[in-house]
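Here's the structure we're looking at; comments come further down.
Order of writing sets the labels: A, B, C and D. Residues in every chain begin at 1.
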Amino acid sequence: MRVDINSDTGESFGAYTIGHDAGLFRSITSANVAAGFHAGDPSVLRATIRLANGHGVAVGAHPGFADLVGFGRRELNVTPQEAEDLVLYQIAAVAGVAAAEGVKIQHVKPHGALFNMAVRDAELATAIARAVAAFDRTLILFGLPGSEILNAGRAAGLRVAAEVFADRAYEPDGSLASRRKPGSVIHDPAAVVARAVRMVRERTVVAADGSVVALEADTICVHGDTPGSDDLAAKIRAGLESAGISVKAIGVQ
Amino acid sequence: MRVDINSDTGESFGAYTIGHDAGLFRSITSANVAAGFHAGDPSVLRATIRLANGHGVAVGAHPGFADLVGFGRRELNVTPQEAEDLVLYQIAAVAGVAAAEGVKIQHVKPHGALFNMAVRDAELATAIARAVAAFDRTLILFGLPGSEILNAGRAAGLRVAAEVFADRAYEPDGSLASRRKPGSVIHDPAAVVARAVRMVRERTVVAADGSVVALEADTICVHGDTPGSDDLAAKIRAGLESAGISVKAIGVQ
Amino acid sequence: MRVDINSDTGESFGAYTIGHDAGLFRSITSANVAAGFHAGDPSVLRATIRLANGHGVAVGAHPGFADLVGFGRRELNVTPQEAEDLVLYQIAAVAGVAAAEGVKIQHVKPHGALFNMAVRDAELATAIARAVAAFDRTLILFGLPGSEILNAGRAAGLRVAAEVFADRAYEPDGSLASRRKPGSVIHDPAAVVARAVRMVRERTVVAADGSVVALEADTICVHGDTPGSDDLAAKIRAGLESAGISVKAIGVQ
Amino acid sequence: MRVDINSDTGESFGAYTIGHDAGLFRSITSANVAAGFHAGDPSVLRATIRLANGHGVAVGAHPGFADLVGFGRRELNVTPQEAEDLVLYQIAAVAGVAAAEGVKIQHVKPHGALFNMAVRDAELATAIARAVAAFDRTLILFGLPGSEILNAGRAAGLRVAAEVFADRAYEPDGSLASRRKPGSVIHDPAAVVARAVRMVRERTVVAADGSVVALEADTICVHGDTPGSDDLAAKIRAGLESAGISVKAIGVQ
């Protein structure tokens, strides 16, 4: 039994700092590195890749909308072609900077609104998968279990990874509960750890209504921009390992 | 006897159009493609690479300052590290998008103020050369003959190409005459063609004061953002070929 | 009988040029001036206001989304508060630069996707109207007849102006036909002029299915970013005046 | 005896937070509010103005270069016309948003590299003063004592305010010691307070070499983006008041 732990990283921008990358890199196994559109800049990108690599953390591209003020979290009505070109550009930038640091990138995880839109928009999902495949067919595409993006990734011949959120409530249909609902974010670290272990061992989660829902769990997302995220990541990793689960980057054999 | 003809391309941005790329690609042999910082966007970048490749024109990265409103033409007091990261990022983006289109990039030419500052600023020039070498030691670095950027490129083990401007007046010391001086831009196509031929055949140019100046001439720059630039490029190419000079991309054996 | 003619202006950005403002200003009576978010920059804004004022054209603010690469034409899922602050900022910038040029602005017309979203989204429309009213209750708010933005403007105590498009097809319900439909843009100048005259004299338009639809027509929009837009504007104005219609800025007594 | 205390505020941007504005507003009397170019965004701007006003802190515009990733701290080779238009736009935006909140702005303080360049570049300083005067001749222009910007402000008929830095070392000629020199920033709060009191009471400062230098001191700048800046501001204010100095916004009678 094994699982990957991923987190969004490299989100600082110029004089602005977000996240606790150095702390997270002690516990996570895959870093989704911002590419300068919704967050990050060329110097932050390079420093983040060096830091991840120094900690043995696998690097992935984390493309998002060119909406820095909105942190890529606002839906933007792009055409599929725009999405494809946007994603290809950002993968290229991250992969090329990584290559200059001696690192081959492992995966691609769309960010924020782009990630959410690709859950249900098959045309957008196909455009994203096309960009990934055009760049490198060995990259692993991250997305929600059951989402259009994973379907599109498979259809494009890509390896995909189903991502779960141990600190978020789920609906009975396996979708994430909206952040606006009370209780949608789970703050108790012990509960988060227990959910993570269950997700990996049993491939299930207890939904908000108490029902048990099956879900794939290849990689667990830890949010990096909340206070204490590095501690939470450490606890999740320790809890998984105590339960006999091997925590390794998804691309490691 | 041979020479390359290069031009800045891919400078359109969203709804904004600059240049006559399709026309230029009939005559030039190397395209300096903007990377989205001083000009260009992800969709323009990709379309420009496709268009260049379809015309058999070699592709290069054209990194510039992140100053879209100034078109990268205003000097910005970056640190050498910022310059290195900025250039590496932009090379990575262009090279990666090109690779997805089946194209290996040939060269790097800094843009505008970054190009001009690297003529005389050895520290900046070294930072740029370091970025190029970190990405790919087979890339050819373009710069003015006698400039710090060519020195830095050679010191970094890169192949360099000396660039001349057939439509610009030169000072007796071999530097370009300032655009503010009367007569600094030569508008008569026949004169431009004659200068281009002389630069390649004799490795000299007649300076503004009538003196004859020696200069290296591996590649001739044609400005793409002036009306009629595609016609001028065609005339220069025809003039060179009539004079028995082979016009080929710099990287072609 | 009278009518206003408006056009989007000030859309150039740095080295990038869009539109034919100088030509348009000979015929239009109200200029919607971009504020630097979806188009325009501080120097273009100021020059456009001077040019409009020199031609006796009334100035309005034309706020849009901060999406330069998308020219403000892509829907962006902003909160009402973000929309209100975005619109207030842009009105402030245009009005303040205009004041420094001795000009009091007359109106506000949201741009592109923001304009379109405010046709049907009452909450967004209310946020926009709140921004206008917070800045200056004497400003006139432009929008489609029957739209939520005009309702919101009236509810906020603002004077509103119903805007029509003489070169666009209408649906039987009075909405604009989608640009994707064949025939949705009318290219024959004579037909456009005839439609403009009818809209003002009879307050009706012949819809795509031949039915006659009633609509308010306080101001006619002429698109500024299409070739020949200055000629079309001149023809529309001449046609209106030949039909005995007075062409004056909406805010002129 | 009286003095003003000013600080740069409103520097957060979207999801990115910089500064401790709420804490600072308990002690300072004038807020330099970023306008969205080097820092700030439309929502941050408005919220900052509300917060300042709620604390009885006077509001000023803090225009800077359009260089968000460089936080406006990198010299950019703008033309005087570009500088004038850039400053006018940003004053207009801040003043207009403030007006919608019932606040008349009091002053203008250029930011970062623009501020530093205007110390010695008379042409740039004149352009900035022209923008301020074009907008509102009653605005107070902040700058270093002895700088070109204060000369230009006076020449334009503006009231000016000489600004001092209690936590920075001075050279014997009255200029600020470079941040690169050891000891250029004074970290001991008691020393900073003592310097502030001396600057206001005696109009002198002890320079880095021990010599006593005369300088004007209308307003004391407290840096807002350093940890503990709100505490330091409180100590400076308390120290000044204990010394019998009245701490009031510069524009208050």
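We adopt the following convention: a residue touches a chain if its C-beta (ideal position, glycine included) is under 8 Å from a C-beta of that chain, and two chains touch if they have at least 3 such contacts.
Not measured: the values here are computed from a predicted model.
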Touching both chain A and chain B (chains): C, D
Interface residue overlap between copies chain A and chain D, same or different (over half shared): same
Separation of chain A from chain C, taking each centre as the mean of its C-alpha atoms, in whole Å: 42
Inter-centroid spacing, chain C versus chain B (mean Cα positions, whole Å): 42
Junction residues of chain C, two or more chains touched: 69-70
Complex contacts: residues of chain C adjacent to chain B: 13-18, 39, 41, 68-71, 73, 225
Residues of chain A that touch chain B when the two form their complex: 36, 42-43, 45-46, 81-82, 85-86, 88-97, 99-100, 131, 134-135
Residues of chain D touching chain B in the complex: 66-67, 69-70, 74-78, 113
